[in-house]
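What follows is subunit A paired twice: with subunit B in the first complex and subunit C in the second.
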Partner chain A sequence: MTAWLGRRVEGLPVAAIVVLFAALALYPLLTALPFWRHIVIMSMLYGAMGVAWNILGGLAGQVSFGHGLYFGIGAYTAAYCYKAFGLAPLLSVPIAIAISTLAAVLIGLPTFRLRGHYFVLASVFIMEGIYVVVSNWDQLGAAIGLEYPVYRAQGFLDALWHGQFPGKLPYYYGALGLFVLALVAFRVIQRSPFGMFLVAIREEQDAALSLGVDVARYKLYALIVSAAITTLCGTFYAQYVLYVEPMSTVSLVVSLEICFIAILGGIGTLWGPALGAFVIVPLTELLRAYLSGRIALDMSALSGGGLMAWLEYYARGGGGNLDILAYGLVIILIARFQPAGVLGFIRRID
Partner chain B sequence: MTGPLLEIAGLSKRFGGVYANRDVSFAVARGEIVGLIGPNGAGKTTLFNLVTGFIRPDSGLVRFAGAEVTGMRADRLCHLGVARTFQILKPFPRLTAEENVMIGALARGGGMRRARESARRCLALVGLDHKREVQARGLSTGQRKRLEMARALATSPQLLLLDEITGGVDQPSIPGLIALVGRLRDEGVTLLVIEHNMRVIMGLADRVVFLHLGAKLAEGRPQEIAAHPDVVALYLGRRDGGH
Partner chain C sequence: MIYGQVLLDGLIVGLMFALVAMGLSLIYGVMNIVNFAHGEFMMLAMYFCFFAWSLFGIDPLVSTPLAAVVMFFVGVAVYRLLIRHVLGASMVAQIFATFGLLLFIQAAANFFWKADVRSIPTSWAAGNFQIAGLFFSGPEVIAGLGALLTAGALYWFIHRTETGLALQAVAEDPQAARLMGIDSDRMFAIAWGVSCAVVAIGGGLLSTYYAISPLAGSRWALPAFVAVAIGGFGSISGAFFGGIIIGVVQTAGGFFTSPSYKLLFVYGLYLLIVFWRPYGLLGRR
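Up next is the complex of A and B:
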């Protein structure tokens, strides 16, 4: 009767999955400190995006360095619609997904028929282009971004309607919901004919084509699904921080973070990106909290003083961006010693 | 239905200044096994790529089952009933043999369960049922050739193009592969086969098309082709002192 607990879902026994997610669900009982809740919220949010990215990057083998675009579409659509029309964020979700689908089609349609890395290049350049556009678009607050007017909600439903909750707890469970949604979507796709086609495309595109798989069409479907989940995460993010600006949404930094989470966690696997997020996000958040944020890198310390002056400057606790340096170091170390990703440390993937 | 299953008329393809295929015409009737032979660089694989939609011809026509399909994409042709194997084998390396074959079955519609059943049937037909759970990259060259045949077969083709049945396979495996091609014909599949091994193709094909430098040099029954002076000269060297 309890045999199903011993069944494995991609190597992880169902019993372990139940325990892990129960722990996630109960975690807020452990600490009321906003910072510790925030770290797990961000881990689950980025975990959801890593898993969504993995549908396209891991299953279909189409690497996107531009998923920040879809994240930004979700965030900006919600913020703009709320500010301009007073539209409830929940209702702006379908609009955001429609826009992200359109963007996916515009990028995927011309590039997925082509061979090689046209899609990768297109994904980067289009997102960078959009970054510049958004940074100069007055209606979207240009480089400064859009700030939500604070709303004092009366009760849960009112808060849900306006997408603003006073505490972190509702956001915590919202992020958990997104995380589970992304994992379930990945798993369902992975075990469907659609997922089989994606893997076939990744493994040997010509063979897939010769067997009747409409390669370009399925790549596009994968991008649309992956983008839609990322868009949903973007809307959630906007409601969580109540402030949307280009650098933390439609930027290359965000895009790379999403794909690093998937690649370093274990590309193409169900649990890899989920695990990757729980390694990388806490790491960046902690590094940011303890290393950076003191003072931004002051180039004047470099000029004239030379290396020693620069190091001294850091030693005195000046200098910022050390978090990004440390982050890069971790990426290099994982790539060097465990190319299969963090998941590879736990079980051997071959 | 009457008329040939596959009809190629005046097919040409140039890469830069070089003709890979030049004005090639021939037909394949239903139920036939037609062999395509010729020296290296004769344009055999290019012809396969033209017929299966991997490259588009510069001129000429391809007709399949009476309909013109020139330049049609490979996946659409597959849905019409044209399947192929590759000279440089292209298995899905990290999928199991069964999953490899399932892709072919799935692309023609039907759910996972039916695809799995169909895959098992096709694997049994090519004699690979004992390797079902093995990843394709763990199979030998001969086994991977069989896998590609099973995979193509799972798409329920009317016409199957085999690019090199015995190339790169150890001697003892060759008779089994030849017998397998015969079984495929018994399944009702029409076959167009590239083969380097003359003895193999002579025993197998109903008719043989001989390509040289992209053009059709001769066509006929295997015995006729084997006795054709140009073929003899190219395969065995000239006896008249030409070279």
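Up next is the complex of A and C:
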């Protein structure tokens, strides 16, 4: 009767999965503080994107440093359509996914012929090029971006139509929905013949090719699915922060964050990117909240103050950026000591 | 005449790109690692020269060789502490090692020296002159000549010295080189030291006219990857010519459209090249 609870999905017993997701669903009961809810919302959002990235990066082995593009397409389409035509964000989702599919085909077809560093650098340069274009695109607000007009919704349906909710709770369950959607999509693909073709491509592309696997086509399908989920996350993000600008969407930094979450957790695994997001997102959010808020004194006031004044200056946070400093250090240490990701570390303890 | 000026400006920018690209290509050629933090070493050298000037009144033209020596040892230390341990890891782990280093060094520079833009206005190199209708800026001409000299020295080192030949041997076939009694670990460390020293010279020369900030280095390093790709990954002389090409392309592209679009031409060039020849313009395999 309860035997299915003992079955394992990639090492994790079903009972544990049920408990974990029940805990996630009930977490808002635990705290009403916006900051603590925000951390979990962002973890689930980035978790969803890490899992989506993993469909292309983990299963098919195509390491893309350009997923910020699809995130940005989702965010900018929603913001632009709402501001320009008053279109409900939910209705802009199909438009955004159509655009991201088109972008995926246009980018995927030529780049999937490249291998190794050539592919990685191509995705980096496409991302940087698009960043330049978007930050000079006047209709999209150029470098300043697009800000939503504040809308006071009357009731749930009205809020859903305008994509603006007064509290964090609806966003919380929205993010949870995306997170589950991404995990289910990954699992379904992983278990399907399509997923097995992808793994074959990752392991030995030439062998897969010689066995008649249509390598280019399957890579492209993987990118389209991965991009569509990322686009959905982008639309959600725009509605959540109600402000879209280039640096936090179509930038290399965002792209690397998405990819790093998947790699940190364990590339190619179901739970790895989910775990990675819940490690790295709270870490960065907490670091940002506690370290970057410490704005330093004016440096010119220090001249002549001697060594003690300088030490005090650094003790108060110096020129800032301690959060990024710590983030960089974490990345270095993981690459240095645990290149297989955190999940690999847990497996080793087993 | 205006086109002549664009070409001249592009050439000087290109010589600086060439220096950055040669160091990148050296590391890639010898150990197959893409060093995303390369520009940060350049930025550190710029700050080194800035503080030598502001604290001790030493001219950047004097402190640049010192910066090169210091950065040589920084490069060796980075290799010993970090890079050596990811040599056998996946490409992704290697990329994150050097990308984490980029974030770390940039954030450290922000923390210690703030994001303020600094400059060295009174270098010996300061001053402008005009020849045949072309405007020459003193610091830029000296930087260009310094870059040319350094590039020549690096070429001589790689192709004419015993250490340089050993480096090439390791790049060609590490196992065979080991059998010939070449200590590949030592060669890798030297490659990192030399690469960082070369880019430090670029930083020192730039510091006489370019705005110094924590982000200054990455603005040079990312386009320099395009130069490396043009020349074929791992080719030192290819990277030199690649650097000059992207300098001219960037300057001309910015001149004919708008300076904010200049990098688009460089990135577009990379895509054109790899779509046409997936292993680089002069690359093999």
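One rule holds for everything that comes next: the second predicted complex is superposed on the first by the 319 of 350 C-alpha atoms of A that agree within 3 Å, B and C clash if a C-alpha of one lies under 4 Å from a C-alpha of the other, contacts with A are read in each partner's own complex, and residues count from 1 in each chain.
Keep in mind that, in the parts below, contacts are C-beta pairs under 8 Å (C-beta built on N, C-alpha and C of every residue); 3 or more make two chains touch, one makes a residue touch a chain.
If you're wondering where the values come from, they're calculated on a predicted model, not measured in any experiment.
Engineer: Looking at A:207 after the superposition, I want to know if it touches subunit B, subunit C, both of them or none. Which is it: first, second, both, neither?
Structural biologist: The first partner, subunit B, only.
Engineer: Per the contact definition in the header, classify A:129: touching subunit B only (first), subunit C only (second), both, or neither.
Structural biologist: In the superposition, A:129 touches subunit C alone.
Engineer: Considering only touches as defined above, state whether A:110 meets subunit B (first), subunit C (second), both or neither.
Structural biologist: second
Engineer: Once the structures are superposed on A, label A:31 by its partner contacts, choosing first (subunit B), second (subunit C), both or neither.
Structural biologist: The answer is neither, since A:31 touches no partner chain.
Engineer: In the overlaid three-chain picture, which partner chain does A:139 touch, first (subunit B) or second (subunit C), both, or neither?
Structural biologist: It touches nothing on subunit B or subunit C.
Engineer: Which of the two, subunit B or subunit C, is in touch with more residues of subunit A?
Structural biologist: C
Engineer: Which subunit B residues qualify as touching subunit A in the complex?
Structural biologist: 52, 54, 73-75, 78-79, 83-84, 86, 90-95, 99, 102-104, 106-108, 111-112, 115, 151-152, 154-155
Engineer: For subunit C, which residues are in contact with subunit A within the complex?
Structural biologist: 28, 34, 82, 85-86, 89-97, 99-108, 110-116, 222, 225-226, 229, 233, 258, 260-261, 263-264, 267-268, 270-271, 274-275, 278-280
Engineer: Please name which positions on subunit A make contact with subunit C in the complex.
Structural biologist: Residues of subunit A touching subunit C: 63, 110, 113-118, 120-122, 124-126, 128-129, 132-133, 136, 256, 260, 263, 267, 296, 299, 314, 317-325, 327-332, 334-337, 339.
Engineer: If you look only at subunit A, which of its residues touch subunit B in the complex?
Structural biologist: 191-193, 196-197, 199-200, 203-204, 206-215
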